[in-house]
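Only one structure is covered here, and it is reproduced in the block below.
Order of writing sets the labels: A, B, C and D. Residues in every chain begin at 1.
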Amino acid sequence: MLHHTPDEISERHALKINPAKTCQPIGAMYAALGIHGCLPHSHGSQGCCSYHRSHLTRHYKEPVMASTSSFTEGASVFGGGPNLRQSLKTIFQVYEPDIVAVHTTCLSETIGDDLPSIIKGAVEDKTVPEGKHVIYCNTPSYVGSHVTGYSNMAAGIVKCLCEKDETESKRINVIPGFTDPSDMRKIKGMLKEMKADFIMFPDTSGVLDTPQTAEYKMYPDGGAKISDIMRAGGSSLSLCLGRWSSEAAGVELEKKCSVPFKVLDLPIGVLATDRFVEAVSQEMGLPVPKSIRDERGKLVDMLTDYQQYLYKKKVAIFGDPDTVIPMTEFLLSAGMMPKHIITGTPGKAFDKRIDALMKEHGHDYEYNCSNSADLFYLHQLIKKEPVDLLIGNTYGKYIAAEENIPFVRFGFPILDRVGHSHFPKAGYMGGMHFISGVINTLLDKMDRDTPEDMTMELVA
Amino acid sequence: MLHHTPDEISERHALKINPAKTCQPIGAMYAALGIHGCLPHSHGSQGCCSYHRSHLTRHYKEPVMASTSSFTEGASVFGGGPNLRQSLKTIFQVYEPDIVAVHTTCLSETIGDDLPSIIKGAVEDKTVPEGKHVIYCNTPSYVGSHVTGYSNMAAGIVKCLCEKDETESKRINVIPGFTDPSDMRKIKGMLKEMKADFIMFPDTSGVLDTPQTAEYKMYPDGGAKISDIMRAGGSSLSLCLGRWSSEAAGVELEKKCSVPFKVLDLPIGVLATDRFVEAVSQEMGLPVPKSIRDERGKLVDMLTDYQQYLYKKKVAIFGDPDTVIPMTEFLLSAGMMPKHIITGTPGKAFDKRIDALMKEHGHDYEYNCSNSADLFYLHQLIKKEPVDLLIGNTYGKYIAAEENIPFVRFGFPILDRVGHSHFPKAGYMGGMHFISGVINTLLDKMDRDTPEDMTMELVA
Amino acid sequence: MSEIMTGPEVNLESWVDNIISKYPPKVAKKRRRHMVVREEGEAGCSQTIEANTRTVPGIISQRGCCYAGCKGVVIGPIGDMVHITHGPVGCGYYSWLTRRNMYKARDDKKNYMSYCFTTDMQDHDVIFGGEKKLAQAIREAAQIFKPAAISVHATCPVGLIGDDIHQVAKDMEKETGIPVMAFSCEGYKGVSQSAGHHIANNKLFTSAVGKVDEPQPEFTINILGEYNIGGDAWEIERVFEKCKIKVLSTFSGNMSYFEMEKSHNAKFNLVMCHRSINYLAEMMEKKYGIPWAKVNFIGPESMAKSMRKVAAFFNNDELTKRIEAVIEEEVENAKKGIEPYLKGLEGKRVMLFVGGSRAHHYQSVFRELGMEPVVAGYEFAHRDDYEGRHVIPTIKVDADSKNIEELKVEADPERYMPAIDEEYRKRLEEEGVLSNYDGMWADMGGGTLIIDDISHVELERLILDFKPDLVCSGIKDKYVIEKFGVPSKQLHNYDYSGPYAGFRGAVNFARDIDMLINNPAWKLARTPWKDRPFLNASLNS
Amino acid sequence: MSEIMTGPEVNLESWVDNIISKYPPKVAKKRRRHMVVREEGEAGCSQTIEANTRTVPGIISQRGCCYAGCKGVVIGPIGDMVHITHGPVGCGYYSWLTRRNMYKARDDKKNYMSYCFTTDMQDHDVIFGGEKKLAQAIREAAQIFKPAAISVHATCPVGLIGDDIHQVAKDMEKETGIPVMAFSCEGYKGVSQSAGHHIANNKLFTSAVGKVDEPQPEFTINILGEYNIGGDAWEIERVFEKCKIKVLSTFSGNMSYFEMEKSHNAKFNLVMCHRSINYLAEMMEKKYGIPWAKVNFIGPESMAKSMRKVAAFFNNDELTKRIEAVIEEEVENAKKGIEPYLKGLEGKRVMLFVGGSRAHHYQSVFRELGMEPVVAGYEFAHRDDYEGRHVIPTIKVDADSKNIEELKVEADPERYMPAIDEEYRKRLEEEGVLSNYDGMWADMGGGTLIIDDISHVELERLILDFKPDLVCSGIKDKYVIEKFGVPSKQLHNYDYSGPYAGFRGAVNFARDIDMLINNPAWKLARTPWKDRPFLNASLNS
C-alpha cells in the first residue's frame, strides 16, 4: 500500500507527504462544540465547513452541526462581511442556538475580514438577538495546525465570555487539551471524585458521545454552560491541560480576569495523572480518595504484571504534542523505548520536552524526535530503525501493514475503529485501557507468529 | 495446532477432548474468595488446591490464597476428619482469617467425610476460635462443573451464615453468577447509581483485582462483609443473577429465611441489563437515573452505528450457561446469527433456553446448541458450518487459529490476555466494551484480508 | 399523494409553506424556488425548479466546494498519478482516501491512492507567493515517485495571492518530463462541487484525452462519470466483458492516466453521472464524433436498459444476442439474490438527498425492492438533472457560474470519425437513446416532493412529519437522521460496503437495505421503562 | 552472614525461632526441622534437613500432588502420545498446556500437545466403576488419533473405587495395537509431586525404554530430567550437536515415544533434574550399564562444566578439542551478551523457592550475574537434593513414601555394555564426575538459609524482614511476592520467556532479570502523595 516509499531518506523542502496534522479551523470547530447550545460557524467557503463536519463525524460517528458563510467568488473579492451578517441573521432565526462561535479560514484570513467590527455591528443592530452570544477567533489555516485552532477558540471563548470577578473563591478552571469526550468525561469524573469545585471548558462530553434514544437533539445535553464559562473569571486557578491547546486560554484568563494559571500535561499515563491529581489536591486542599488511589494501583499492577511484554520494546509514536508528550512519558515509565517520536504540529518546544523526558528517565539510547514532520518521514525512519510497536492515529495503519508492525490507535483522528469516544486514555483507568490494548496487540502478534508445528502459549 | 481434529464428527461415548468446563471445587474456591477475610479451604489432596490456586491466578494475575487438608494415602483410607481438624487449628492460628470456607473434592467425597459433624466438633472444642466462622459445602468433582461448585458454595454461604429476620425492609440481595470482579463491580455500580439498598454476595471485586501499592494484604479490602451476609436473611427480595450459579442460594434463602427470590440472567447485553434494572426499579420503587439511560443509549448507538459489521454475521460461542445465555441474546439483539452455542456444563435447560431465545427473535435458521459438550466437538461443528466469529475463553484460540476465524475472548478462563478483571462485560458499558472488541476484531480481519494491490479502507 | 402522507391531514403544499416560514422572508423566497411538489403529468412541462444557485450564508447545507468537485471527485480517483494540493494542509488532508474510489495497480504497480500530497502552504507563502514552493514540490514528487502524471489543485488562497499554477505546471512538465496538469479549482468558485467538475472536465479534455491514438476493436466503449465507489466499476466491466465489449477507460474510477490518453479511440461513451461528466461527453462528441448515451447501472432493470442502449448503438445481431443472453442470465441470478429480502422491504418509504445523480439513480432499484421514493433532491445538480436536458437552453448562467470556462470545441480534422452514420444517430437521438437525459422527475410521479440543496431544518421537519423508513444521504447527515431512530444509507460511500452497481451489486444493495430496515438493534432504541411516569421524574435528575 | 542481613540486628537463628513461634507447638517442631541456617564448612557434615515429609494440613504450601508429578511433569511432555486422565474433569483440565514443555512434531506430524483428554468421570462411574468407560475412551482415542502410544493416569477416586487400570491398559493395547501405559498416580500418594516422578520413571523403564535396539554412533548421549521449558532442550542440543555429539533422547522435553524406545542404546546419561529422573538413570545403569553424570545447563559456567564431564567420559582427544573450542566460542558470546546487564544487577540479593532442582540450578547463573542467593529451598525435593547423594543410605522411608514401588533391576544378560571400562568408571566416580550429586547446599556458604517446603507465612516474613531484590518461585507465589513491590521470577514457566539453559539462554535470563530489577514501572508502586498526612485521612473514606 505504501510500496512507493523508498528506504533512503531524501531531504524535502516543499512537498508534504501524508501529513500528521490538519488545519486550524477544524480544531476551532471542535472546541466550539464543547459549549452547550453552541453552533460553530465557519467564515469561508462551504467546502471548509463541509470537510470539517465530515471529518469530525467520521471520528465521532455523531452529528456534527456547524454553519458556513458560503463564500462565493464575489465575496472573496469584496469581502465576507455581508455573508457573516446574513449568516447570523439566518442562524439565530432558523437554528436558534444560544451562542454562535465564529472562526475564520485561509480564505477570509487572506482577504482580511475584520471579525470584531462585523460582529460588533451585528450585535448593535440586533442581528444578534438579545441574550444570544457571538464569539470568535482567528484561525488562519496556513499557521500551526488543528491544535492551534483549538487553542485559539479556547482563548476566544475566554476573550468573549469570561468576566472578571474579584470575590474570594476556591475553585479551579480546567481547560482540557484537544482530546476525546471520553477523556473530558474522565477528567470531570476525577474532579468529582475529589469533590473539587471546578469549571471545565471546552467540554465535548455529552455532545459528541450521545445516546441513541430515537430522539434527535440539535444541541445535545452536554457541553460547558455559558453561565459557568462566564464565572470562570472568578476562579482561583486555571489548570491548562496541554501547552499547545490550552495555555493560550489560561494566559487570556490571567490577562483579562487575573486568574493565575498552571500548565500541565493532559493526564495520560501514571505520572501525568499524578501531577494532575496532585495539583488539584494542593490547590483545593483536598485529599486523594481511596477510589483514585486504588485505580492508580491497578494501573501500576498491570504495568508490572505484564512487564515482560513491554520492557525495552521499541516504539514509534506520532500525533498531537499534547497527547504524544504524556504518552511518551507513560511509555518510558512502563520501561518501553520510544524510538521515533513525531508530531505534525510545528514547535521546537516539542523536541525540547521529549529530550527532557528522555533525560529524566536516564536514557542515552538514540531516538528520533521531530515536530512539523509527516508520516512519510516517520515511515522512512521505521524502515531505517524498525520498531516493535507503532502508536498513532488511523493513518498509521498503512505503515503498520507495510512493515508488519503491531499497531495501536491513539489520538486524532481514529476513523476506522470504535471505542475512543467511550473508553478514555486519560486518567489511571484510561491508562489501563490503553496499555491493555498495547499488551493484547503484542500478544496477538506473538500468537500469529507461532510456527505451525508448535503450540501457541496458553498463558501470558 | 489442532491438525488432528477430523472434519467428520464421530460419536464419542467415553472420551472428552478439550473440555469446556472444569471441576466443582474451583468454583467453590472462587465464590469463597468473594467474602471479606475468608480463607477458602480445599478438603482433599494438595494437588487440587494447588491446581485451583494456579488456575485462578493465571486468570486474575492476583494472589489467590487457599489452604488444603493435604490428604495422604493414610487419610484417604481412614478418613480426612483429623486432617480437617488439624487444618482449622493451624489456619486460625497462623493465617488469622475471619472465616474459613471448606469445600470437598472427589477424594473426600468418595471417602464420604462428614463435614457438618467434623466442623461441629471443631467448633464445640474451640478448635475454631470464638467469633470466627467455618462454613462449608459439598463439591463432588464428578458432578456438574465449576459452575455447580460456585452455586454450591453460594448456597453454603446462605446455609451457614444468613439469619432469619422478619422486620419489614426494602432491601434486595444480589447474588451474581460466576463472573469476573469487573462485572461484580459494575453490578454494584448500577445499584448505587439507582440508590438501591442492597447486599451483594459473593463479591470478588476488591479481592481479585487489587492495586499494586507495594503493600501486600493477605485479605484484601474487598469482598462481602460477613455481617452483611448475615443480614441478607432480612431483605425483601433476592435477585439471583444466573440460574446455574445463583438460583440455589436464592432457594436456600427462601427456605431458611423466607426471602422470596427472582432468577434473572447476568446483566450482559441490552435486554438482560434492562431486565435487571427493571427488576431493581420495580422492587425498590426507584426511578432509572439519566446516567443509566444515557449509558444504555450509547450502547444502542454503537450497535446501530456499526451494524454493517455485525448484522447476520455467523457466530460460534462457548462457555458457562449463565454468561453464554445472555451473550447469545445480546448477539441476537444486535442482529448477529449464533450458529453453534456450546456449554461444557450439563443441563438440558441450557438448550431449552437457547431455543426459546431463537424463537423470541423469530429465527428459523439452523443452529447447533448443546450442553455437556467439548471444544473438540465445537471445532468439528465449525469445520462443517464455518462462522465469521468465535467467542469463548482462552482455549478457543487454537480453533480460531486453525480455522482462521476472528476470535473474541469471553468468559472463564482468560489466561492469555489482559483486561477482563477491569473492563466488565456486564451492564451497558460492559456491552460497549465487549461489542467494540467484536467490531474491532472483525475490522482487523478485513484490513488483513485487503489484497496487496489495493488500499485498506480508511473509514469504518 | 397518499404515498407520502402519514395521515390524510398532511398536505405537501402547506408543508412547504410551513417549512419556508421558518426562514427570514428573503431567504424563504429563495428556498421556495428549490422545492417542487410534483403534479401528475408531463415532466417539467409546467413545473420548474431552481438549482445550482448559491446557498444562503448560514444555512446548513450538504454542499462542498469547487476543489472537492475537481480534486475530490473527478481527478482524485486516477490512481497512477500524484495529485498535489497547493494550499494550506487541510484541503489535501480531508480529501485523502475519504471517497472510496477504488484503484487496482496495473502492471507498472503504480498506485498512489494511500498517499496524500500537499504544499502545506505557510503564512510566508501567502505573503510572498507559493510558486517556487509549488515548483519544488512537483520536482520532489517527480524524483521520489516517478508517477504517470502529476496534478496540481489550487485551494482558496492561491487564487487570491495570484500564483500562476499553470505556468509552473508547464515549466515543471518540461523540467521533469512528466505531464503536469494544473486546476484552478479554488474553493470559492461556483456554488458547489459542480464548478469543480466542469474545471476538471475541461483540463482532462485539453491535456489528457486524445494524446495517444490507438486503433480499438469494434465494440469499444468508455464509461464516463463512474467513480468505482466500493468497486462498482469492476462489476460493470465484468458484465460488459461477458458481452465481449471492451471498456477502454472509465472516467475516472480505477482510471489509469495512460488509458485516459487513449480514451478518444472508443466508439461510444456511456454517461453514468451526468452532472459531473456531461461536459466531457459533449466535448468528445464534438471533437472526435463519439456519441454518448446516458445510462444507469444501478438496479437490474436499469442495468439491462443501459446494456440495451449499447446493443442499439452497435446494432449488431451477434452482439445484441450476446447482450440479451447475458441480461437474461444475470437478471435471473439477481432476482434470486434479491427475492429473500423483498418481503421485509415491501412498501417502505425512502427519501434521497445526495449528489448530482445518485438521488435519481437509486430510485429504480428501490422500486424494484418494492419501496417508494417519496421525496428526493440533489446536493449540487443543475436544472437539467431534474427537468431533463431539454431545458438547458432556458437556463441562465448567473454571476457565480459565469466564470467557469466553457471551452469552444471543434471537430478534429483527422480524428473526427463517428462509429455510426448520421442518419442512424438521428434515429437513436429521436428514440432518446443518444445525447439525452430526462432528469430525475420524469421518474417521480405526482404527490412526490423535490427539494434541491436541502437544508438541515428541512431535513429535520421531513423526518418528524413524514416518518420515512429510510433516508439516503451523506456522512454529515447520517448520524443526524439515525438519532431520530430512522436508518440512513450513505450513497456517497455506501457505508463502506458495495459494489452496488450492476447485477451482483443489486444483491449487495438489497442485503444492506434489509439490514438498515430490519436489524432488530433499532428496536432497542426506546427504553422499556420510557413511559413509566414515576421513572420519568428521574429524567430531570 | 552479612549478605542476608538488612541490618546488624538481624540474626538468622532468632529469625527462625521467631517464625516457627507462629505455629502451633507440634507444627512448629515439624517446621523447624525443614529449616537450616548454613554454617561455614563441609557440606552436610554436621547439618541435616528434613525433606520429603508430609506437609501439615492447613499450611499453605507450594506443593502439588502425585498426579502432577507423573502426568504433569514427566509423562505429559511426550508429544506424540495421547495422555488420558482417568478421573473427574479437573485434573486433566488443569494440566492442559500449563507447563510450557515445548514439542516440535517429527516427520509423522504427530503433536497432541494442544489437546486434553479425560474420561470426565461422573458419579455413575464412581458408583459402578470406571473400567468400561476407560476402555472405551482408549478405543476412541486410538481410532480418532492413532497416536504413537497412549498413557492412562489415575486420579484420586480411581484408586479408591478400585479400577484396575493396568488390566484395562493391557487389554486395550492388545485390541488397538497401540502401546498403552497405565500410571497409578492418584493424587493422595506420597507427599508431593515427587511420588509421581518415581511412578512415572518405573513405568517408562519397564514399558518403553529398551524396546528397540539400534546401534548408535560413538558419541551418543541421553539427557534426563530436561523438560524443554521455553525451549531449553533445543539450546542444549544445539550446543552438543555443534560438538558433534548426538542427543538420542531427552527425558522428556520434546520427547517422541519412538526415541524413548531406543534410549538405552546411548552411551552416557546426563541428569539435569536429579529429583525427577534419578530413578531412571540408576535403573538404566543397572540394566544396560549406562553410566550417568549429574549436570547443570543453567549459566555459562555450569554449562561448560557439564560439557567437560562429557569430554571426560568419552575421553577422546578429538572430541575434547571440539568441546573446548565450542566452550571458548560460546562462553565469549554469552559474556558479551550478559555484560550490559551486570552493572544493574551487582550485589542484588535473591531468594529461590522452587521445584526439586531449579532452586539449586539457578544459583550459579545468579552468581555469574553478580547476584547473591541468600535463602533457598525446594518444593518437593529429598534430603539428598540438599545434602548430597552420600546421605541416601541414611534416609529412612516413612509411611507416606513406602508404598511407592522400588523396582528390582538386574543387568540385562545381552544388553549390559558400558561404554567405558570398570577402572575408568571408578576413577570418574572418585573424581565425582559419575553417579554423584553434592546437593544444593554444597554451593551455599555459611550465613545462608535453607527452607524446605516453604509455607506462605514464612515467605511473607522473609520478604518483610530481609527485603530481597528478587524472589524466584512459581505461579501461586508470584503475585503475592510482587504485591510487596518485590519482583518475582517464575522458574517453572519462566514467565513465558526462555530458553534460559545453555549459552544463549543465559543471555535471555540476564535480560529478563535486568527487567525484573530495573524496570522503572516498579518505582510507580508508591504514590507520590502517600505520606501527606491530610491526605491519609481520606484512606478511611
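One rule holds in what follows: a residue touches a chain if its C-beta (ideal position, glycine included) is under 8 Å from a C-beta of that chain, and two chains touch if they have at least 3 such contacts.
Note that this is a predicted model, so its numbers are computed, not measured.
The interface holding more C-beta pairs in contact, when B-C is weighed against A-C, is A-C. Computed from the mean C-alpha positions, the centre of chain A lies at a distance of 54 Å from the centre of chain D.
One inter-chain figure worth recording: chain A and chain B are separated by 39 Å, centre to centre, where each centre is the mean of the chain's CA atoms. Centroids built from CA atoms put chain C at 34 Å from chain A. Along chain D, residues 96, 98, 109, 111, 114, 479, 482, 525, 527 each make contact with two or more other chains.
The set of chain B residues that touch two or more partner chains comprises 1, 58, 61, 210, 212-213, 293, 296-297, 300, 303-305, 395, 398, 454-460. With chains as nodes and touching pairs as edges, the resulting graph is of another kind, matching none of line, ring, star or complete. By the touch criterion given at the top, residues 1, 58, 61, 209-213, 293-298, 300-306, 394-395, 397-398, 401, 415-419, 422-423, 429, 432-433, 436, 439-440, 443, 447, 450, 452, 454-460 of chain B touch chain A in their complex.
Interface residues of chain B, counted against chain D in their complex, comprise 1-4, 6, 10, 12-19, 21-23, 25-26, 41, 44-48, 50-55, 57-58, 61-76, 83-84, 86-91, 93-95, 105-107, 110-111, 140-143, 145, 210, 212-218, 376, 395, 398. Those residues of chain D lying in contact with chain B across their complex are 22-24, 27, 54-68, 84, 87-96, 98, 109-112, 114-123, 125-126, 132-137, 139-141, 143-145, 155-157, 159-161, 186-192, 399-400, 403, 455-457, 460, 463, 474-476, 478-480, 482-485, 525-527. Looking at the complex, you find that chain C touches chain B at residues 96-98, 100, 102-105, 109, 111, 113-114, 479, 482, 487, 493, 495-497, 512, 515-516, 519-522, 524-525, 527-529, 532, 534-539, 541. On the chain A side of its complex with chain D, the touching residues are 270-271, 274, 277-278, 281, 285, 287-290, 293, 296-297, 300, 303-305, 307-308, 310-312, 332-335, 361, 453-460.
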